[in-house]
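Please read through the structure below; I'll follow up with questions.
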Amino acid sequence: MSHRIPVGLVGVTGYTGMELARLLARHPGLELVRATSRSEAGKTLGDLYPGLGGFPIADCPVSQPDVDDLAEACALVFLAVPHGTAMDMAAALVAKGVKVVDLSADFRINSAETYAQWYGLEHRHPELLPDAVFGLPEFNAKDIVGAQLVANPGCYPTSAILGLAPALRESLVLTQGIVIDSKSGTTGSGRKPSVGALYCEVADSFRAYNLGRHRHTPEIEQELGRVAGTELTVSFNTHLLPINRGILSTSYCQLADGVGAEDVRRAYTDAYANCPWVRVLPEGKLPEVRHVRGTMFCDIGLVVDPRTGRLIVVSVIDNLCRGASGQALANANLMLEQPLDAGLDLAPLVP
Amino acid sequence: MSHRIPVGLVGVTGYTGMELARLLARHPGLELVRATSRSEAGKTLGDLYPGLGGFPIADCPVSQPDVDDLAEACALVFLAVPHGTAMDMAAALVAKGVKVVDLSADFRINSAETYAQWYGLEHRHPELLPDAVFGLPEFNAKDIVGAQLVANPGCYPTSAILGLAPALRESLVLTQGIVIDSKSGTTGSGRKPSVGALYCEVADSFRAYNLGRHRHTPEIEQELGRVAGTELTVSFNTHLLPINRGILSTSYCQLADGVGAEDVRRAYTDAYANCPWVRVLPEGKLPEVRHVRGTMFCDIGLVVDPRTGRLIVVSVIDNLCRGASGQALANANLMLEQPLDAGLDLAPLVP
Amino acid sequence: MSHRIPVGLVGVTGYTGMELARLLARHPGLELVRATSRSEAGKTLGDLYPGLGGFPIADCPVSQPDVDDLAEACALVFLAVPHGTAMDMAAALVAKGVKVVDLSADFRINSAETYAQWYGLEHRHPELLPDAVFGLPEFNAKDIVGAQLVANPGCYPTSAILGLAPALRESLVLTQGIVIDSKSGTTGSGRKPSVGALYCEVADSFRAYNLGRHRHTPEIEQELGRVAGTELTVSFNTHLLPINRGILSTSYCQLADGVGAEDVRRAYTDAYANCPWVRVLPEGKLPEVRHVRGTMFCDIGLVVDPRTGRLIVVSVIDNLCRGASGQALANANLMLEQPLDAGLDLAPLVP
Amino acid sequence: MSHRIPVGLVGVTGYTGMELARLLARHPGLELVRATSRSEAGKTLGDLYPGLGGFPIADCPVSQPDVDDLAEACALVFLAVPHGTAMDMAAALVAKGVKVVDLSADFRINSAETYAQWYGLEHRHPELLPDAVFGLPEFNAKDIVGAQLVANPGCYPTSAILGLAPALRESLVLTQGIVIDSKSGTTGSGRKPSVGALYCEVADSFRAYNLGRHRHTPEIEQELGRVAGTELTVSFNTHLLPINRGILSTSYCQLADGVGAEDVRRAYTDAYANCPWVRVLPEGKLPEVRHVRGTMFCDIGLVVDPRTGRLIVVSVIDNLCRGASGQALANANLMLEQPLDAGLDLAPLVP
C-alpha cells in the first residue's frame, strides 16, 4: 500500500493538466488519486495520454469533478481549469479544509476591483483574497508553507517578476518607463480547439497579440510594485512563438544614475544565491528557451547598454513547467512538507 | 533572341542570391546572364537550385566572379556577398560604368568612421559613399532612379524605418527612449554552415543575440535621424525565430503631448498612401509574419496605449524578399526603367 | 470594365479555398466574382485573408451560397466544400449549365458502389458520374477541355498516380505487391478546429494514420488500374508531417524480369516529355518537398535497387497547390480556354 | 566523497555525447569523471551545455582523449565518436581491461567483410568482433551483463528490429519482400555543421535519402535474420523529418497463410511481456513520435490489412535516447550491475 500523500487534479485535459500528470507520474511522495474532466470522465489517464503508458499513474481513472469526493480523497487539489471557473471550486474545497493550488488567475490579484477590471468578471469570493498566497517559491516560500490556498503565478509574470525584481528591489533602475516584450510558445494558448491555434496558422509564422492589454499586466505590476516599494506601471506586450514550450521576456529599464554593470550583476547573483532554479548567466551570455525545456529553471541574461543607459534583462522559462504545472507542484511540495524539488529534479531536454 | 536587359549576380550560393534567382526566374524585363560563385563555378543554377528546374534561368552557368566579364555582359550587377568583400567589387564595377545594387552593408552608412566603428573594418572606398543611395523605394525613389550605386537596406532597418518614420517625421513621438525589439527568421543568419544555425539548435527554441550592439543600429539611427531632423539613439535588439523567413519588429515610443490614436493613424495612412507595398492595418489588427511571406509587403500595426502614454508599432516584412533580394530587385527596376513591381507582384504564400 | 471570365468559389474559409484565392488574385484571365461561406458571409475576402490586402480580389464580398446567383454570375464554379456536400451543389450547377470543378471526392470514383463503401455515404447523383472527368491534366487534358464537371483529384492520388503511372503503363513493374508510403503536410487535415490539428499536437512530432483504409485508396487503384490495363490492389498508407504544405510518397514495386534502370528512366522521361510541371530528376537525385512549395510541380526521383529487385519511386507535390487548388485552376484554365499555366507560372518559395 | 562508479565519455560535442551528459546528470549510481573532445578541451561541460548549469556534472572538465588516463580513471567508457575512429579507441581500452560501450557502428556487424562493403573501410580489429555483444537489452541482456565490449545498436535498427522481431521469430510473416520505410528526426544527422543540416534547409520540408543503400541495412538484416533463423534481405529506406528527435518506421510484411490479427497481437504482447520499455499499443491505436520523446520507450502499433494480406508495423523511438545514448546507458547499467532503468526512468515530454 502506498504511503504517498493523495492529491487531486481538477481539469486534466488541458496542457497544464497534462503537464501535471507528467510530473506527478514520477513524484516520490505524492500520489494522484483523483483526476477530473467533464468531457473525458470514464476513461483513464493512460487513455488520454499514451505517453504515460507503463507508469502507475496511467491507471488513474478520470472522473466527473465532485467536491465532496475530492475533499474526502485528497490532501491537496490542483485546479487546472479556466479563471472564473476555479474560484467556486477553490472556495468549496477550502471550506472543507483541503489545501488548494489554483493554476488560474482567480486569486492572484489582491484587489477584487482590479480583477474585475482586467478579467471582466466580478469576483465571487473576495473574502479568500487576503489569505491567498502568490506562489512564487523564490520570494514567498515561507508563506506558501503555511497556506491553504496558493494562487499559482501566471506564466508571463513568472518570467517578468524573476527577471526584474532584483533590479527594482535595489532601485538600480527607474520604476518609470519599463517595457517588457514577451514571447511565448503555443502551449500558452491552451488546448481548446480554435482556428488560431491550428498548426498551419502558427507554424513558420510569428505575431504580436493583446498589446497593452494582456491580463497578466496587473499581476506583474502588483508583484513588481511590492518589490519596488511603490506603485508602478509597465508596458507589457506579448507575442506568439511557433514552438511548443517556452517564454522569453526581454525587459528594458532605465538605469538609475551611477549604476554600472557590476552593481547589476551583484544584485542578481545575491538575490538568487540560494535559489537553485534561477540561473544568472555569466557576462556576455544570453539565455535560450531550449536550455530550460521541461524544467523549473529560470535563466537570466543581463546586458547593461551604456549607449542608451539601459538595463536589458532577458529571462527565460518553460511556460508549462515553471510557468504553470511545475511551479504548482513546487508549491504543493512546500505545502505538504515534501522536498522542494521532489518530482522536479529535471535536466532540460536539449535538443 | 531576348530583349530583356542583362544583369549579373555576384554570390549566388547564399540565401540572398538564392532569393534573387527565384525572383529573376519570372522577371519579364531582366535576364540573368551571369551568376558567380567561387565555390560552385562550373555548375548551372539549376544544379544548385532544383526548385528552378524548368525555368530558363536554370540553364544559367555559374562562373568565377570576373569584373571585366561582368562589366561587359551586364547592365547592372547585384552584389550578394559579405560586407568587406562587396566594397572592392562595387568600386571596380562602378569604375567601369556598370550599375550596382549592393546587398551588403558597405555603402549604407554615410560616415566611413561610423562604419569602421561598428563593422571593425576600414572602408576602402569612402569616395563612393556620398553618391551611394540608400535604396528604400518608399522614401528615395527619385534618387534611386538616377543612381549608379545603390546601398540596399538591411533587413532589420527596413522593418524599423518603415515602422517608425511617419511618427518621427511628424514629431508625434519623442526621439528619446525609443526601443526596437526585433525578431528575425533564420535565413537572416546566412547559409554558411555553423553549429548555431543547425536545425536542431534553432528548432523549438528562441533566443536573443547581439543586444545593444547589432550592426544594423547605426543604419537605423542614420535614417530615422534624417527623417526626424535630429540625431537620435535607439535601443535596437534582436532575436532569432525558428522560422525560415520574416522579421517582426515591435517598436516602443513615448507619445508627444496631446497626440492621440487618430493623429497617429492619419500620419501613417498619409505617409504610405501611394506605397502599394506598405499596408497600414486597420485599428485593432496586428500583422503576422506569414501574411507577407515571399513578398515585398511591409505590414504595420499601430497601438496607442493610454495607460503608458506609448505608441507601439508592429512592423512585419519578409527579411529575404523585402529585407534583401526583393528590395534589391525593386531598386534595379527603378535604375533600369522597369515598372517598380516587375517580377515582384507576388501574393503571400499562406499557409 | 473587366474582360476577365467570371468565376465563383463555394467554400472560401478552408485551406483549399484560401489557396484558390491566392492563385486567383494574380490570374490574368479569370475574375473571382462570388466567394461563399455560410459562417463568414458579410465580410470581404480581404477581411478573411489580410495577406491579400492590396489585391483587387480583397474587395470580393463573401456571400451565402446561392445556386441561382452563382449560376447567373459565373461561367465556372469551384466547389471547395466537403465530400457529401459538394454533390448536390454540383448537380444543381450543372443542371443550370455552369461548369464545375469539384475539389471534393464526390465525383472521382466511377462506381457509386465503391464510393458508398469507402465514404460511408450513398451517392445522390450517380447519373453524373459517367460524364465527370478525372482532372489530372497530364493524362486527361483533352477530356477536361470539353468537360462540364471535373472531379479534381485528391492530393495523395495526384502524387501516387503521377509517380507510378509510367512504370505500370509499360509493365516495368508487377501490379501485385505495390506499397505506397505517403507523408503529408498538415494543411491536408483541413482548417476545421480539432485537438489533433493544434500546433502543439503536431509540431516536433510525426505519426501514421488510417493505415490500410484511407479513402484515397480506391481513387489510386482506379486510376492506376486504368493505366495498367488491369485491376490492382495497393497498400496505401498515410502519415502526418509537421509542415504546412507538401506530400512525399515513397512507392515500392517489384521490377518485372529483365527491367533495368535505363528502361525505367526512359519510360518516365518519355511519359513526361511534354509535361512542364512534372520534373523527372536526374540519376542519383531525390526530390524534396520544399522544391515544389507553392507550385504545380511534381518532382519524381527514381531508384532501381538491384539488391531487392525493386523500383522505388519518390514523388513530391505541394498538396494544397498541385494536390488541390492549383490543379483545380489548371482544370479551369483548360475548360475556359485559358493558357494551361495562367496564374500558375510560379517558382517555389525556397526556403 | 562519491561512491558512484566512475565512467568516461569520449566525444562529448555531438548530439549523442550531449544526450549522454543529460542522462548522466541525474544518474544515481554512475559519475562522469572524464569527458573528452579534441576541439573543446579546456572548458567544462557546463560551458558547452548551459542547460546543465546547476547540476554537479556541469563542473566536469573537458579534456583531450587519452587512453591511459581514461583507463585509469574509469570503470567504463562510452565512445560517442564516428565509426572508423571508435574501433582503435575501443581496442586500446579493452586491452587495458576497461569496459566499453561503443555508440558507433564499428562492432555491430559480425562480419568484417560486410562491414568493409557497407562502410568502405577495412576493419582494423576484427579479432574483437566475436566477443562484441549487440546491445539490445530486450533480446541480449544476459550477454550484455558479462560483456566487456558492447556494440550499441543503430537508431534505425533499434526501431526496425524491435518492430519486426516477434513476427519473424514466430514465422507469422514471410521473410521475402519486407519493406521498412523509416523517417528520422534531424539529430540523426549529427552536429557537424553542413549546409544540408541548417535550419532553413530542413524546416518546413521533407526528403528521402540513401534509398536502398543506408549503412544500417546490414545491421537490420543480421539481427532480423538471426531471429528468423534464416538469411533475409530487406528494402530499408530512410527519410529526414523536420523534428529534433524521433524515428518512426513503417514496416510492411506479407502475412503467412492463415495468420490473423489475433495471432500477431499475441506474439507481440508475449514477446514484450517483461519489457517495460516496449509498449504494444491496443488494437486501433498507432504510435506518435512525441509519446516517446526523451525516453527509452519503443511504441509499436500493429495493423493487419486483409485487403492486401499484409502486416503493417509502426514502431517509434526517440533516436537520440533509445536509439543511441539512453540505450548505451542501459547497456552500461547492465554491465555495471546497476538497475536497468537507473537514470532512465523518464516520462516523455509532451508536448
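Should a chain be cited, it is by its letter among A, B, C and D, assigned in written order, with residues numbered from 1 in that chain.
Here, contacts are C-beta pairs under 8 Å (C-beta built on N, C-alpha and C of every residue); 3 or more make two chains touch, one makes a residue touch a chain.
Which chain is which protein? Per UniProt: A, B, C, D = N-acetyl-gamma-glutamyl-phosphate reductase.
Bear in mind that the values here come from a model prediction, so they are computed numbers and not experimental data.
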How many hops, at fewest, get you from chain A to chain D via touching chains?
1
Pair joined by the larger number of C-beta contacts - B-C, A-C
B-C
Chain whose mean Cα position lies farthest from chain A
C
Between chain A and chain C, what is the gap in Å from one C-alpha centre to the other?
45
So what's the Cα centroid distance for chain A and chain B, whole Å?
39
Centre-to-centre distance between chain C and chain B (centres being mean Cα positions), rounded to whole Å
36
Residues in chain B with touches to at least two other chains are numbered 15, 187, 200-201, 203-204, 242-245, 287-288, 290, 293, 351
As the complex stands, chain C meets chain D at residues 177, 179, 181, 183, 200-201, 203-209, 211-212, 233-235, 237, 239, 241-246, 248, 250, 252, 254, 286-290, 293, 301, 303, 305, 307-308, 310, 312, 314, 351
Over in the complex, which chain B residues touch chain C? Could you list them?
15, 18, 22-23, 25-26, 49-55, 187, 203-204, 244-245, 276-277, 279, 281, 285, 287-288, 290-294, 297, 299, 345-351
Residues of chain A touching chain C in the complex:
15, 186-187, 189, 191, 193-195, 197-204, 242-244
